[in-house]
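Chain naming follows the written order as A, B, C and D, and within any one chain the residues start at number 1.
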Amino acid sequence: MMQLLNLAFQTEATTLENGVAQATELASEAIQQSGGASHLILLLTVFVLAVFVGVEIIAKIPPTLHTPLMSGSNAISGITLVGAILAAGGDNGTWASILGFSAVVFASMNVVGGFVVTNRMLAMFKTRK
Amino acid sequence: MSPDLIDLFYLLAAILFIIGLKGLTKPRTAVKGNLLGSLAMLIAVVATMLHQDVLSVGGLLIAMAVGSVVGVVLALKIEMTAMPQLVALFNGLGGGASVLVAGAYLAGKEFSGKVASGNSFADVLTATAASGLIGAITLSGSLVAFGKLQELKFIKDISFPGQKLLNLVLALASIGFGYLVATQPQHAELWFWLMTITSTALGILLVISIGGADMPVVIALLNSYSGLAASATGFVLNNNLLIIAGSLVGASGLILTRIMCDAMNRSLWAVLFGTMQGGGKALSADEVYTNVKSTSADEVAMMLEVAQTVLIVPGYGMAVAQAQHAVRDLTNQLLGKDINVLFGIHPVAGRMPGHMNVLLAEADIDYDRLKEMDEVNSMMDQIDVAIILGANDVVNPLARTDPDSPIAGMPIIDADKARTVIVIKRSLSPGFAGIANPLFSADNALMLFADGKQAIVDINKALQEG
Amino acid sequence: MMQLLNLAFQTEATTLENGVAQATELASEAIQQSGGASHLILLLTVFVLAVFVGVEIIAKIPPTLHTPLMSGSNAISGITLVGAILAAGGDNGTWASILGFSAVVFASMNVVGGFVVTNRMLAMFKTRK
Amino acid sequence: MSPDLIDLFYLLAAILFIIGLKGLTKPRTAVKGNLLGSLAMLIAVVATMLHQDVLSVGGLLIAMAVGSVVGVVLALKIEMTAMPQLVALFNGLGGGASVLVAGAYLAGKEFSGKVASGNSFADVLTATAASGLIGAITLSGSLVAFGKLQELKFIKDISFPGQKLLNLVLALASIGFGYLVATQPQHAELWFWLMTITSTALGILLVISIGGADMPVVIALLNSYSGLAASATGFVLNNNLLIIAGSLVGASGLILTRIMCDAMNRSLWAVLFGTMQGGGKALSADEVYTNVKSTSADEVAMMLEVAQTVLIVPGYGMAVAQAQHAVRDLTNQLLGKDINVLFGIHPVAGRMPGHMNVLLAEADIDYDRLKEMDEVNSMMDQIDVAIILGANDVVNPLARTDPDSPIAGMPIIDADKARTVIVIKRSLSPGFAGIANPLFSADNALMLFADGKQAIVDINKALQEG
């Protein structure tokens, strides 16, 4: 536990420039030392669990729905849009903003187009009830 | 909005994604599932817009509006037959977005601050590299798949000696650059874009040599990749919604890929590394089509009059000809004459799974008449007349007999075992797999050369008059 | 981002006594401010995902296996043993240790007994192959 | 071991728990699933022992050894019939452990340090309160369930006026104390133990009024609770393995509860809040048993000789009498005489789900002869002789006819619709639900009063001689 304190006090010495990064580092180490899992491992855990959920959910799907599922889950994978918004929205200079905004355009095409085309496909089945 | 609140909304969105995806797996809940997914996306986007780091809301709204409008227009204007390539296109865009987000992260201030601090953060950089690598493969691979499905002229099934070696080199180079991204933060941007180039090339080469008939599997796989890329982006940005949604898609795409491979009786390995090209050249058309007999609509109508059970096997040609409504009319007329009509639906007939179901449902054909391949094959001896409507590969007996054929091992509808087979297509040209079909010169087969819709309309007329 | 730095520097003022706790607090806030989810919400996310996995997995189970499943999952719920070990193993004073050690005994009965009895039940089915 | 490494092992353990639990849902993989679960537990425990905060490894090993030995002895020595109560007991211990861990946390140094720092950490304290509250209910509720299943004399179906009100008061008090735990860290320990007392009382009262026949459902529910308690403990200790394993069990227990309720055709609500006591007193034994005819082993043997199809409906009495091996001999002898023998397995026959399957499998009876309730009921008109072997509630026609009966609505095996019914039990005393059974005085029913095993042995002998 002493280590943790030391780390906390060390921040005093850091310059403003790199203090942000160091504080974050410190942060995750502090949590970790206090008995909890490190941030990265928690993210990894979330990943693994979500994979299990995905696998279990898709296990039995009729062939008819393969295409709508493909296109619907494709739309969901457009969730990168969230990342794109964060990348484009921040104050990060021209180059990063260009990349970010292109990402926003791409991702929103993927998301919106994906959901609409899925809905259109599924509408074909509706007569069947 | 406070970060905690945003995260709670993210969690809500993640839950809705899961429920939505689950909905998509059952016919009755699929529409609702898709809507739930889009609701989740809306929640996620709105919550993100309220994040403290997001400054230029106006510009973002414009960018999203542009993307959305293009997406909606494409989604609504495209013909049903072109949907698979549209999915491939969207998928590629998602992968591209992952590359760009990772690139933007490396170009951004948070990153330069971290580099200046001199701390190691190889974990985040590894995720950045992964996001770029997978994203680039997804992007280029999907675009090639799009081109193949769209039958763009300049994209052919390219294969050349040493291709596998080149793939290997590109793969190793991409991984090597990725390693440099993770270990040399100072030059991370340079290595990152070099890596993007090599993995883009890799994506192109991997997909360009895959046979067109395997495209649906490839798209499902690339879909899985785009999910994994999104998930990697989540690790970069420390955002668990991206991680969850991405890995959901990654996992479900992988499972779907396996299910589809099983349906085509091919291993994923064989799909990816092309046993499709294997073996010597198959029989040429001239060798196969020695005994082709053609027929007319009137003759077909006469045969149908005396049949008890008629099987219709639709294929891609029915979709091209938009013959489904004519087929419905024919079905109703035959039923009125107490002739039983069944449809044999091959799992990969058409250009996307479920393609035939969609079209026949659109034409209001009773769902109970649609039989799956296995069921139809087990009752083939009771079929008096089998009408092959614009189908080719899915009834090609070579799949059973010629182990060197590109479709070897794919289960087919054994229409050749029906008493009489009527094949409706415009010519003797091959189907998607590009091979000749011995069924067309079988003793019990008659060709009706015509556009699919016209042929059915003609038969219908002949039946009414006869 | 400035907030984060301020937080980091504040630790300087804290006494040794409560520094540990404060540093941990600081830690999670730091991570959170830097754009990631707070620790608590990550744990919540893990919880929710695991619930989904549990629900999906059990959805279709034959009646014959109800009892073994009950007893097997009961053994798994004895995972509290891990918590009990942490509680008993630390340097926490007599009262806490007594509680911790009782917890270890209870939980290990639950775990070991649970797995053994499940195995015994399942062994009955083995003749069936 | 570094904390990161420990956490990776925890993640591995979590994955193994998931795979193990999945294994437990299929007969073929169940044994392996259970072993994987215990492997996961071993990994988790070893990793924890290597944690830097764990100082007194020796003492811990002793404590674990004590617990393990007791657990193993109980698990191996207990009779098959007593397994359900053993599961209840273990379950209660798990809940108890959660209470103790939460209590230890409040008594520990980390906590007092946090309190001294004056920071608010209501989230952790809420989890602590939840862990204590759910754990205490699990503990006391499971012990009462244990007592009921063990048929301990001092535990009766207690219900008194105002019980529901008292339950409500106890629940509110527990929640109130829990709120105080979360909001007044200085006195958290005091409030915690007060809360434990009220919720222990709540657990007792909730379960003590639930009819014995519903105990399996209650145990499944309490099992789910013990998972949730472990999960809450995970939030207290900031440990994601506890969270995952706990919520896995919590969710699966809940689903299992629902599945079991469905099987008994009762709502969870009805189970918990006792429509079991509902309605006026059912018919007394004297009213029901007006027309009881008894028979002998010899007579039964004669009836069997001339039968074509014999159905055996085993129940709890077969387990008590350990008659399964005798039943196997009888089955073989009847088969030798070309008489078909089937077994009708009610989903809740015996004292745990699958109880009969376990016993009959133990006696090597061909699995194909075991029919589920629905199948048997649909072929009841082909049954010449139905032997009810120590079953009672599961063949009680009151379930169909008397809406006030405690088993109303439970689907039963319609043995009363067989041509002849032989009921083997020692007396006219009731079964688990404590109600008389009109089947015993039905026109086509004959009672064979004897111990289950002896009766079958006698019939067997008579068959051999006759």
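The definition used in the following text is that a residue touches a chain if its C-beta (ideal position, glycine included) is under 8 Å from a C-beta of that chain, and two chains touch if they have at least 3 such contacts.
What you are looking at is a predicted structure, and each value in this text was computed from that prediction instead of being measured.
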Which of A-D and A-B has more C-beta pairs touching across its chains: A-B
Rounded Å distance between chain A and chain D, as computed from the means of their C-alpha atoms: 42
Rounded Å distance, chain A centre to chain B centre (Cα mean): 25
Averaged-CA centre spacing for the pair chain D and chain B, given as whole angstrom: 48
Sequence positions of chain A contacting 2 or more other chains: 19-20, 22, 31, 34-36, 39, 42-43, 45-46, 49-50, 52-53, 57, 86
Touching two or more other chains - residue numbers and ranges from chain D: 14, 18, 51, 53, 110, 237-240, 244
Touching pairs - complete list by chain label: A-B, A-C, A-D, B-C, C-D
In the complex with chain D, residue positions of chain C that touch it: 14, 17-22, 25, 39-40, 43, 46-48, 50-55, 57-93, 95-97, 99-128
Interface residues, chain A side, partner chain C - complex: 1, 4-5, 7-9, 11-12, 16, 19-20, 22-24, 26-31, 34-36, 39, 42-43, 45-46, 49-50, 52-53, 56-57, 86
Chain C-touching residues of chain D, taken from the complex the two chains share: 14, 17-18, 20-22, 24-27, 30-31, 33-35, 37-38, 40-41, 44-45, 48-49, 51, 53-57, 59-60, 63-64, 66-68, 70-72, 74-76, 78, 80, 83-84, 86-87, 90-91, 93-94, 96-98, 100-101, 103-105, 107-110, 113-114, 116-119, 121, 123, 216, 219-220, 223, 226-227, 229-231, 233-256, 259-260, 263, 347, 352-355, 357-359, 361-362, 364, 367, 372
Interface residues, chain C side, partner chain B - complex: 31-38, 41-42, 44-45, 48-49, 52
Chain B residues touching chain C - in the complex, by the definition given at the top: 3-4, 7-8, 10-11, 14-15, 18, 51, 53, 110, 237-240, 244
